[in-house]
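Chain IDs A, B, C, D, E and F follow the sequence of writing; residue 1 opens each chain.
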Amino acid sequence: MTDLTLQSLEITALGMGLVFGAIILLWLMMIMLTALTAEKESPADELIPGSTEPDPDPQAGFKAQAAALAVALALAEQGQSSARPLSTPPTALVSAWQLGMRTSQRSQTGSRGRR
Amino acid sequence: MDLTSLVPELLKGFTHFKLGNGVMIFAALVLIYLAVFKEIEPVLLLPIGFGCLLANIPLAGMTAAEGMTKVLYDAGIKTELFPLLIFVGVGAMIDFSPLLAQPRMVLLGAAGQFGIFGTLILAIALGFPLNQAASIGVIGAIDGPTSIFVASKLAPELLAPIAVAAYSYMSLIPIIQPPLMRLMTTKKERMIRMDYAPKPISKKTLIFFPIVLTVVVGLLVPEATPLISMLMLGNLLKMSGVVDRLSKAAENEIINIATLFLGLAIGSTMEADAFLNWNTGKIMILGLFAFSLDTVAGLLFGKFMSFLSGGKINPLIGAAGISAFPMAGRLAAKTANDEDPDNFILMHAMGANTAGQLGSVIAGGILLSVVSKMLGIG
Amino acid sequence: MDLTSLVPELLKGFTHFKLGNGVMIFAALVLIYLAVFKEIEPVLLLPIGFGCLLANIPLAGMTAAEGMTKVLYDAGIKTELFPLLIFVGVGAMIDFSPLLAQPRMVLLGAAGQFGIFGTLILAIALGFPLNQAASIGVIGAIDGPTSIFVASKLAPELLAPIAVAAYSYMSLIPIIQPPLMRLMTTKKERMIRMDYAPKPISKKTLIFFPIVLTVVVGLLVPEATPLISMLMLGNLLKMSGVVDRLSKAAENEIINIATLFLGLAIGSTMEADAFLNWNTGKIMILGLFAFSLDTVAGLLFGKFMSFLSGGKINPLIGAAGISAFPMAGRLAAKTANDEDPDNFILMHAMGANTAGQLGSVIAGGILLSVVSKMLGIG
Amino acid sequence: MTDLTLQSLEITALGMGLVFGAIILLWLMMIMLTALTAEKESPADELIPGSTEPDPDPQAGFKAQAAALAVALALAEQGQSSARPLSTPPTALVSAWQLGMRTSQRSQTGSRGRR
Amino acid sequence: MDLTSLVPELLKGFTHFKLGNGVMIFAALVLIYLAVFKEIEPVLLLPIGFGCLLANIPLAGMTAAEGMTKVLYDAGIKTELFPLLIFVGVGAMIDFSPLLAQPRMVLLGAAGQFGIFGTLILAIALGFPLNQAASIGVIGAIDGPTSIFVASKLAPELLAPIAVAAYSYMSLIPIIQPPLMRLMTTKKERMIRMDYAPKPISKKTLIFFPIVLTVVVGLLVPEATPLISMLMLGNLLKMSGVVDRLSKAAENEIINIATLFLGLAIGSTMEADAFLNWNTGKIMILGLFAFSLDTVAGLLFGKFMSFLSGGKINPLIGAAGISAFPMAGRLAAKTANDEDPDNFILMHAMGANTAGQLGSVIAGGILLSVVSKMLGIG
Amino acid sequence: MTDLTLQSLEITALGMGLVFGAIILLWLMMIMLTALTAEKESPADELIPGSTEPDPDPQAGFKAQAAALAVALALAEQGQSSARPLSTPPTALVSAWQLGMRTSQRSQTGSRGRR
């Protein structure tokens, strides 16, 4: 086994060790963080049960839905769409998933997609 | 003026055209074809392909000392500004709540980085010097800006093939991963359902997370700070909810312009003389290896966690730990769902996927740190 | 501190104010007036006028070594970045389907470039050296970014008057062209109706066109590559339909910011000492000549094509071949419509107009190539 | 006739010759391109008969119309407009022309101009 | 490779971490806390805080020669581009019609600048050299871009504490001003009602105003030209009504991106070694003094004008003359309204407030001119 | 009193004198400007009686109102908003004030916030 190969194995062992080490520290950090910052009182609006739509901006959810509805309308009218955003973020993805349930619950009119 | 003396001037475009330029223009057309007709990462492959086209039109002057793509390269790649600005935008689009709701998922983000180091070993064995081997390995981060950031520091001469490999395979994830998923897991494993009743995540947690993460990772791996901090800045702009203007700018203007310019600038380095050689071919093959090894390692670790949990974890989510955000997460959920239409593991997969994003950046920083130290440039 | 010694300091703004500054501030006010109250190309004339105003306020320091407009000039005009970025945006707004549906219309785009060379001859006769004469001639491209691109390469010292002439006359097209149209054509010619039943243009054609055009023009006229490729990049972003984010950025953020900065930077070169001389006056007159000659040549060629086609082509569309996109196309259609309210030649005129856009860029590149060669700088 | 004048005439002859040469090559290129890329099958949606509205993005047409309608409404309400976009692209121009015909055919409600 | 030799490498983030870094990271967290949870000027304090965080992570390389925040600093602070671009956006958001309807209100914009000079005197007394004292004084302009512009010319080494003081106190205006208002005015004075039947302002006036103001201020105070002209350019883009594209770009893309980058770049100068010293503490105290003195002087002048007018002017509007646009204007109106629910002086207060904006820029230019002259660098 | 203190007092006297001087010249300029550019004829649309909403772009008012309405609707639906624009310009502030009166006068439908 050459020196170079040995060196690369060393880098691998060291590198993956450090990656796991750092990630385990992050794990601890996340546990501490969620424990320390958990809301004591539980106003339903503030607690987001692991949702991917944390709504830091309460309008965001509304906007996303309005946009989704507008898109749906447009698609229905046009038949197809080839527009594709830059690597759709998971929020959009999961929002679409949740959208199905929500839209069935509420009948909203006058929604409009704004910038 | 002697008109016959003008003939070479008139035909100079053709007389300076070499076979290699033809090959690279064909490659550019393939990239544009994949982008436009197959919709494979079009926002990056289209500008990269067009930049490659321009770089191989002789005497066009775009890549010359004062040419436009040279100006863009110096302004945004050499300074690493473009990948970092893209990360601000990506950060504003990421949601860490699925991960924060199930913190142990973060371990999967470490497992999905084996490909980086495995590829490095193979690249060394193929004769690449250490700085180049490490840059090639970082294709296994399966994250465009990380690959570009590390490669532009360690081996800028390989930036173009590395970026092309990273983005091409990333878009081929739906073709690369599923066979490996089926190969590495049993049907029973793929059918494991996972409860999703995580503890609630407060808005405060979501705001503190990017700040604390920046400090912790910054202290642990200083080399990862530029990448992780810009990702977290974008996330903080979004999660804070008080700077709507800035998070919108990050998600739109900043990322769009940086993406277009980055693509053009990287494509413009694909000039035939510099690009057409065996190394490029080797890098493409090593890149595919990196993607596969990452996936396999992720799945194996998923199976290990499944075993530890007494079969309560679906090992498919391990494949989402490679990064390739958000495609890999979606794909893992889809594969489970294909096996059993009532099996929804999307939230778990997205948790592993965001962990993979973090793991990739951290691994990139660690690689940069270790290799710089060994090369005596750190 | 001796207060009397402060008097010159307090009045320095006035004591350094020269008559020429006053004249140029008046000129700036005229440009702003035309932009705001006559709506003549306001997006360019307003920033140019304001930049001119700033350049003639003594000691304001905007054009000094570290002044803002100097920074913008160095960043975007010297590097030619701003005109090229504007072209990316323009490309995203152009639709080549009327031209592709009637390919012979492209010939009109060649005829509309006579003004470039006619003006060059006249400028030589008036004593301008070749590099300046060619830069003045390119006003006849009747396309802002092309004029700025060529002039900044051959004679940056004349950039300001050339840009002002190009944009001012472009906005005066509705006043310059109609009399020439009526003079050069008979009523019968203007009443010629043209069928519009062109062969269908597939989406594929519209996507391939910008790519193939870039390669073909790039090989034929390498000097035109920067301009034509950025125009085509914008068009490809739009037509591909897969990079909505990028084409929106090109059409909005990128073109708007580049336009504002370009206008300010060009206006700031209109400092009295550099601008106020006979050459500026001559350039303004030569510019008007270029516009007229282009129109006349276009109309003559239109009549020639009308004759060849056995009277099936309305010669008015020849006037749309000068570029000045899209005003000239609209104007030709309007003139025909004024003569006969049932005569619609808009699609044909727009075909000729987009051909004029292509012809202008190509002619600009050819001029750059030939003149650089003759001056031994190519 | 001075040398300079001769030189300028040469440039003109050469320049216009090259311009026409290049343009004629483009003409041939366009003929070949349209022949080679013409759709064999003719799904009505794909073929755009020389339209200036190629709708690569199927929503574009919808958006343009929605925007035009919104503008029309706004103008009707406000009486006049001095807003003026940067050299209106021909698409917008011709779309407006086509809009007349289309809007008379369809009665769409709820359309909204989005970014 | 000796693994024990790697230990220092692994711990370098911690071993290079000094107490000062900890203090500054705590300060960064306070800034972010104020921005996010108290919504105190979040668009600036959040990026400043985050930049401060990054600057104090050892070896992160963001502020090093080629680091991102260094690139941003050189591109936008050293060249003064960012504050000027922010002013273009601010100008597009300002409406001068309340001021034009009651021109005498402009005098209040002069009175609200006493704080600049009072603070300068105090800073000299505390031992600051003249260039630094003047930069600290300009916190009393109570206008972010003006403070940054002047400080980056006279004392760039103090930029960070000056910017932090300027923006922090600006957001504390609702806490700083009301007690002073009640202290300096009687209840009877605060209840004075003001008729609002001003003469009508034509669109023409609103268009000419920014142009004429640029020329007049430019000739009187050349040093104020960059700031005043960019403010007026933004205003002209908006008021002209013919360049919707450009005014939208100014109000959105340009100001948002410049604000984010400016905040990061300024924050990144808050590295412990440079920031943690007595001067910073003194500057924070002097800044509070500047704000208070401005308010008191404005109120006194308001009382003086009230006296001259025979009690027809509510002295509270004097407090709006300090700039701090538009919070101070709103606050003066609110205080009057609190005293008497039927008392509406908002239009008068906004007139005084826009006057304060102009006065601040002019005072900044005059300070720059006088101090440069005295230091022999003008 | 030290030289430095004297110097700083000089700067103050000189500086405030110049500030007042410049501001007084601006005052005169504004009086002249408003006198010279006042509209002779008084078409109600052109004259804006000291309004902070000068409507150089006649759509601006419409847009602002439409946006305000859209925001109001969104808020009503969502309960709260933490979105906060960059130091709200006074126009928006005063417009909101005027909006109350205007909206009570007109009942507009179909308004939509566009970019």
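What we mean here is this: a residue touches a chain if its C-beta (ideal position, glycine included) is under 8 Å from a C-beta of that chain, and two chains touch if they have at least 3 such contacts.
Keep in mind that what you see is a predicted model, and the values were worked out from it rather than measured.
Colleague: Going by C-alpha centroids, which chain is farthest from chain B? Tell me that one.
Modeller: F
Colleague: Could you tell me which chain lies farthest from chain C when each chain's centre is the average position of its Cα atoms?
Modeller: That would be chain A.
Colleague: More than half overlap in residue numbers between the two sides of the chain B-chain C interface, or less? Answer same or different.
Modeller: different
Colleague: Report the inter-chain centroid distance for chain D and chain E in whole angstrom, where each centroid is the mean of the CA atoms.
Modeller: Computed from C-alpha means, the inter-chain centre distance equals 46 Å.
Colleague: Could you give the separation in Å between the centres of chain A and chain D, each centre being the mean of its C-alpha atoms?
Modeller: 39
Colleague: From the mean C-alpha coordinate of chain B to that of chain D, what's the distance rounded to whole Å?
Modeller: Centre separation, chain B to chain D: 37 Å.
Colleague: Could you give the separation in Å between the centres of chain A and chain B, each centre being the mean of its C-alpha atoms?
Modeller: Taking the average C-alpha coordinate of chain A and of chain B, the gap between them is 18 Å.
Colleague: Could you list which residues of chain B touch at least two other chains?
Modeller: Touching at least two other chains: 1, 6, 39, 42-43, 207, 220-221, 240-245, 248, 253, 256, 259, 374.
Colleague: I need the residues of chain D touching at least two other chains; which ones are they?
Modeller: Correct list: 7, 14, 18, 56-58, 82-84, 86, 112, 114-115.
Colleague: Tell me, which parts of chain C touch chain D in their complex?
Modeller: Touch list, chain C to chain D: 39, 41-43, 93-95, 97-104, 106-107, 109-110, 113-114, 116-118, 120-121, 124-125, 130, 133-134, 196-209, 212-213, 216-217, 220-221, 238-241, 244, 248, 255-256, 259, 325-327, 329-330, 346-347, 350, 353-355, 358-359, 362-363, 366-367, 370-371, 374.
Colleague: Residues of chain F touching chain E in their complex?
Modeller: Those in contact with chain E are residues 4-5, 7-9, 11-12, 14-16, 18-20, 22-27, 29-31, 33-34, 37-39, 42, 46-58, 82, 84, 86-91, 93-94, 97, 115.
Colleague: Could you please specify the touching residues of chain E with respect to chain B in the complex?
Modeller: Interface residues on the chain E side: 1, 6, 9, 12-14, 17, 25, 29, 32, 35-36, 39, 42-43, 46-47, 50, 53-54, 57-62, 66-68, 71, 252-253, 256-257, 259-260, 264.
Colleague: Can you name the residues of chain C that touch chain B in the complex?
Modeller: 79-81, 84, 207, 211, 214-215, 218-223, 225-226, 229-230, 233, 236-237, 240, 242-243, 245-246, 248-250, 253-254, 369, 373-374, 378
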